[in-house]
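Same chain, two partners: subunit A is paired with subunit B first, then with subunit C.
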Partner chain A sequence: MRNWYMDYLAPTSVEEAVGALAAQPDARVFAGATDLIPQIRAGRPEPGLLIDLKRIDRCTTVTKTDTGWVVGAATPTSRLTEDPDFSSTLPGLSEAAGLIGSDQIQNRSSLGGNLCNASPAADSVPAMLVNEVRAVVAGGNGTRTLPVGDITTGPGKTSLADDEFIVEFEIDAPPPNTGDAYLRMIPRTEMDIAVVGAGAQITLDADGNCAAARIALGAVAPTALRVADAEAALVGNPINDDTLAAVAAAASAACNPIDDKRGTIAYRKQVAGVLAKRAVKLAADRAAGTNANGAH
Partner chain B sequence: MTMTEDPTTPGYKWVGTRPIRPDGLDKVTGKARFGADLILPNMVEAAVLRSRHAHARILSIDTAAALEMPGVQAIITGDDFPPTDDMAPGDAHQAVKVMARDKVLFEGHPVAAVAATSRAEAQAAAKAIVVTYEQLPHVLTVDEAMADGAPILHDDLITANVDPAPETASNIASRAFFERGDLDEGFAAADAILERSYTTKPVHQGYIEPHAAVADSGQNGRANLWVSSQGHFDMRTMTAKVLGMSASKIKATPAEIGGGFGGKTTIYLEPLAVLLSRKANRPVRVVMDRDEVFMATGPTSGSSMKIKMGIKNDGTITACDLWMAFEAGAFPGSPVGAASMTALACYDVDNFRIEGFDVVVNKPKVAAYRAPGAPISAFAVESMIDELARAIDMDPIELRLANAAKEGVQAPYGPVFPRIGFIETLEAIRDSDHYRSPVPEGQGRGLASGFWFNIGGNSVATVNVHADGNVSVITGSPDIGGSRSSMALFAAEEFGIDVERVQPHIADTDTIGDTDVTGGSRVTLATGKVVVEACRKIVTDLCRRAAKTWDCEIEDVEWVQGHAQHVSGTESPLSLADLAANAGRTGGPISATHAENVRGAGAGFSTQLVDLAVDEETGQTSIVRYTTAQDAGKAIHPSYVEGQMQGGVVQGIGWALNEEYIHRADGTLDNPSFLDYRIPVASDLPMIDTIVVEVPNPNHPYGVRGVGEVGIVPPMAAIANAIDRATDCRMEHLPMSPVALLEAINERNAD
Partner chain C sequence: MNTPHTKSVVSCTINGNATQFLADSGGTLLNALRDDIGLTGVKEGCGTGDCGACSILVEDRVTCACLIFAPEAEGATIVTIEGLAEADHLHPLQETFLEGAALQCGVCTPGFLMAAKALLDKNPDPTETEIRYALAGNLCRCTGYDKIIRAVQDAAERMRENA
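And then the complex of A and B:
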């Protein structure tokens, strides 16, 4: 019979954490526990062992590389939002990370936790999808690297094996003439969960037309999703009312939302189009250097 | 320590200034003790087992396994309470509300409570109690509850105030009815007539501090109770009633209170704590989680309203026919009566009929919420008046001025108004920079007004002058809105001493006389008056003592700026400290008490103006500018008057835009958390600009009217009116959430 209390372990190496995770089937890793603790308090089953990743250096280190950044999966999001280099280069991703909870929460919350909690509404995920962020996963069988889009499989579900966890993220610096953006709809102005979220990364060519587009939506399907039709509507074309309308239509069509207390299916579909359009516009403005500091 | 940016009122040195509140430092440093902060030796913790069904018959409760759980000290169920047969109906409902007997009537209804050595053990044991239910069909709205063949909550509930009385039980507890004049004549005289229907959802007071109680029951039939409430006397009396005790057998001590807004004027946990403590023979603490607060404590009513109103082209309102049905929750007692009385109180209308129904549904029993009922009927009336203003193309302030209630007008609920300040609030808004500036491009501007009675009631104050010349002011009124400061300011003004020398104190039920709740905007008026009267008794006594010292007639002594002075100027003035130091030689300790059922409350009026922007693609409303003008009578501590005005507006903005109880079809609450029950956050709001109007209440020594409540009456209609002017969408259902507003915008675009 399991103990009536939860055990707590704070390993200092990835190997130690993998070993502990493999040894106990009801163990769970955590970073800030900003989702985990409220879930336990709300009656979800208590894990037998909580493994705190914050003492593993790799999990809380932010490293600038030749091609971008390596961000420890348990790094507090405030470290990213307060990093001027990171925030000016990837304003959309930084702003998305800055929308998670309150200032206090952001000193605890992490990209790894936001992703692995596997909420369809996680704010950082569409922003990571459009930046094609990769997750470095450690487990009993060693280390593998996979796209962030391959991690979540449904609400509360991930593709990670029982003995696996995300150690760090590899984030590429964007190519030239590229901007990103993330916008979300909440009924308030903060302290809320996205009813709809939309991320975009846009690269412009020398003529100001769209050379590359990545568009992702959150909170409108079981997982955050890339919207290929919306991207296709832009590539090779100027960013104008017609192409933005096509983006909105494609985004609305790609949604597979639910009716719930936070919004209706009809509302989510309509507003997904609106936010996709606005995120594309903002990302394109940033790519053109006209709105580098974001707009809210 | 004293900020003096306000010019002092002529004749006043302290009243009207803004000293830092006496309880402020303790509150911002975490030293203040709130309901859940008390720890007694040997204290145990409690958990409440609550119904997961909206309506079910309790077939059995088996506590045997739970009693064997680790740490368990006592378990109580409905069987531990005295029977309700001999209680007055209201008391019986209260008793069944705090602990279910044969039926559960709402999700969250207490079924049992456990005391154990830790909260975790108490919660584990509560889960181990086996309750068998027979589920019953439930009703969640007034429409469902009033329908033919609806499931009945109380099979002995006969509608009151209907002639002839119905012969069978229904979910309609009572009817309120007010009429005057001739409706047909009124409508015949109108140039424009509109008919509309409105609905509102239950909304919670949203206080930050959850309910908490600590009880220590002795074996001598007495009990000590520590409560976080708006009135520990009422908590004591209500607790005693449902437990079949004499009220004086319970001594209730007030804790600090982290918000109430009316919702902490009734009992939930207190009788459970007293009974558990008696059974466990240990002090017991019980604290609600937030989901318990939402599920089981009072929101205010959801409602359904129909209104028909007629107006002449000159702006005269000729007739109003208003029908309302309010959800009471599981037991009778919605504020539909107050909603009926206040609905037209701003206006002088010759012909009206107002009918209101109090309807029970399978939701938590509603509790008072800031001007209970008035904001709901005002949403209908003030929305309708704005539509009429547009229909006859009249400025909404001019329309209101044309019909405004004033001194000598008979209020719709009977009395003739004495001097009131409604017109002054309209004029204050009309003359404001806000109203005189053009509506910014792309925004809408809305206006609405509101009325609230304000009350007086029972208050007691004891004032003691210490040997060092400093003063204690002891009352029984819990301080929610800064009333300690106001009491200190009254005493400082009366004695002519620095406000820092006055220490206000809120005493337990054995130490000060019976005092009504901090509610009805009554404390500054009523408790303030008894403080003033007690101080005046002492000033008279001080003059007598000076006369004795100087061996002169008391008529030759006057009290001037903190000193007794001989009218001849021949004696050196005696300060309060001088007299206090010699009190032993002039008659003993200096102390006075004044107790009074204070009458003569002054009605409160508010007029509010809002500019807002609507994102037509998402339905999101942004409040851009907000100005509220309210008649305070006299602002004793202007910061706390402004705070009350702003707080009422902010709660109204939440009510207007996002707050609502969302129930699943099975009758359970889908949003019992502050994440999905959306009160406004700071970044949702502009600074709420305040205009304090001062039309003194002639019945109060300082002209106080009371300011706590009326500020929440106008916002919902003001915002609906602004949205209509911004978007041409008339929102008739609250909340006007982004989802609802985008739907309306889509419909408008489709037309």
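And then the complex of A and C:
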């Protein structure tokens, strides 16, 4: 039932949170509130019930498993960027998380919030796409696990039902000879929203050719997207000027951007190609074991 | 207009003191600190997490008080600018900001000091680049940033000498 007042709840279990979310249609879960509070200030209707996920252990726990990591969806991103093991294994994902706002923001912002706020420019999303991260979603009908790419459907929109929220993410450790990267174009060095973002995960074979490629773009379409044509241009081939040019062309062609104050359509398409190429190169250098520096 | 908000009693530790306050369910910790608890050293700039004027430490981590709902403070350990000095002794950062004139109007200063403290607590010898990144979430419209950066470098040096 819809209440006439606004309330705050800090459940300690997933079940309690699902029950509260299901019982009140205008309830809203949150983690760091770094998007939610500015949205309310900007005039969005206040939720009738704020459900703080940070007192649920599973939502704020980072666990290393035999195959990778399970990261609570409400975990502050600074916990990931400060984790040397996580950051050296998944430098692209860690650096993407490290680009979300200032230190003040990163002590509150989360992968779950960055994804579910559903901004096309969310920095962590292309990096999660190329790592094929899975979201564990809880709701009234139980729990389901789905690819991160199936969560956002458009700006501000997700595929989650009203009584569902993301509990945690399953992140695979990369296979051998694999590297990832995420690069962002902004007109300054910090504290801005992506004009274009590009993520890549590259696996090399024994000859140094590309054995597997995953490439994703952000801020150039209603949702972040994988670029299959760019991936196909690399697999089985050496990473050289010719194949990188094909990656850039495919990335530019995959864009469906908007014109806004951050960049024009033509500029975004051009930069998407350049960034995709650079992200592939950086990911490949990392796969080869070359010590490569990414975003700051 | 928005609906009325429920209120709940929140217990936390602020600047070393056990504190209870009545928290508005949809209100911010910034408003609670300033209006209900009287800690007006915490400044409101943008109210949307961009300027850092309301920076405080929660569990030793720098955050914007404007982006925290007041009831979230339950059980938390919070340090505001009012908790930075010890009795009559200013924190080295406060000393070097004064000596180096790293402020003019002063509205951004509490936030800069708390962000700088968070940095120096985990990195006693930061490079200039590290300082600039650590303070990227704090905006100053008066001084330019060079004096602030130098004050943080001077404070870091003083704290290392006295460590």
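Observations on the structure shown:
The definition used in the following text is that the second predicted complex is superposed on the first by the 286 of 296 C-alpha atoms of A that agree within 3 Å, B and C clash if a C-alpha of one lies under 4 Å from a C-alpha of the other, contacts with A are read in each partner's own complex, and residues count from 1 in each chain.
One rule holds for everything that comes next: a residue touches a chain if its C-beta (ideal position, glycine included) is under 8 Å from a C-beta of that chain, and two chains touch if they have at least 3 such contacts.
It should be emphasised that the depicted structure is a prediction, and the values quoted were computed from it without experimental measurement.
The partner of subunit A that touches more of its residues, comparing subunit B with subunit C, is C. Looking at the shared chain after the overlay, A:M191 reaches both subunit B and subunit C.
Within the superposed three-chain model, A:Y8 lies in touch with subunit C and out of touch with subunit B [touch as defined at top]. In the superposition on chain A, A:A138 makes contact with neither subunit B nor subunit C.
Touch criterion met: A:V274 reaches subunit B, while subunit C stays clear of it.
In the superposed model, A:L217 makes contact with neither subunit B nor subunit C. In the superposition on chain A, A:T264 contacts subunit B only, with no contact to subunit C.
In the superposition on chain A, the residues of subunit A contacting both subunit B and subunit C are 189-191. Looking at the complex, you find that subunit B touches subunit A at residues 617-620, 657-658, 662, 670-671, 675-676, 678, 680-681, 683-684, 737-739, 742-743, 746.
Subunit C makes touch with subunit A in their complex at residues 2-6, 8, 23, 25-26, 28, 47-50, 52, 55, 58, 61-64, 66-69, 71-72, 74, 115, 118-119, 133-134, 136-138.
Interface residues of subunit A facing subunit C in the complex, by the touch rule stated above, are 3-8, 10, 32-34, 37-38, 40-41, 45-46, 48, 50, 52, 54, 76, 78, 101-105, 107-108, 189-191, 296. Subunit A makes touch with subunit B in their complex at residues 185, 187-193, 195, 261-264, 266-267, 270-271, 274-275.
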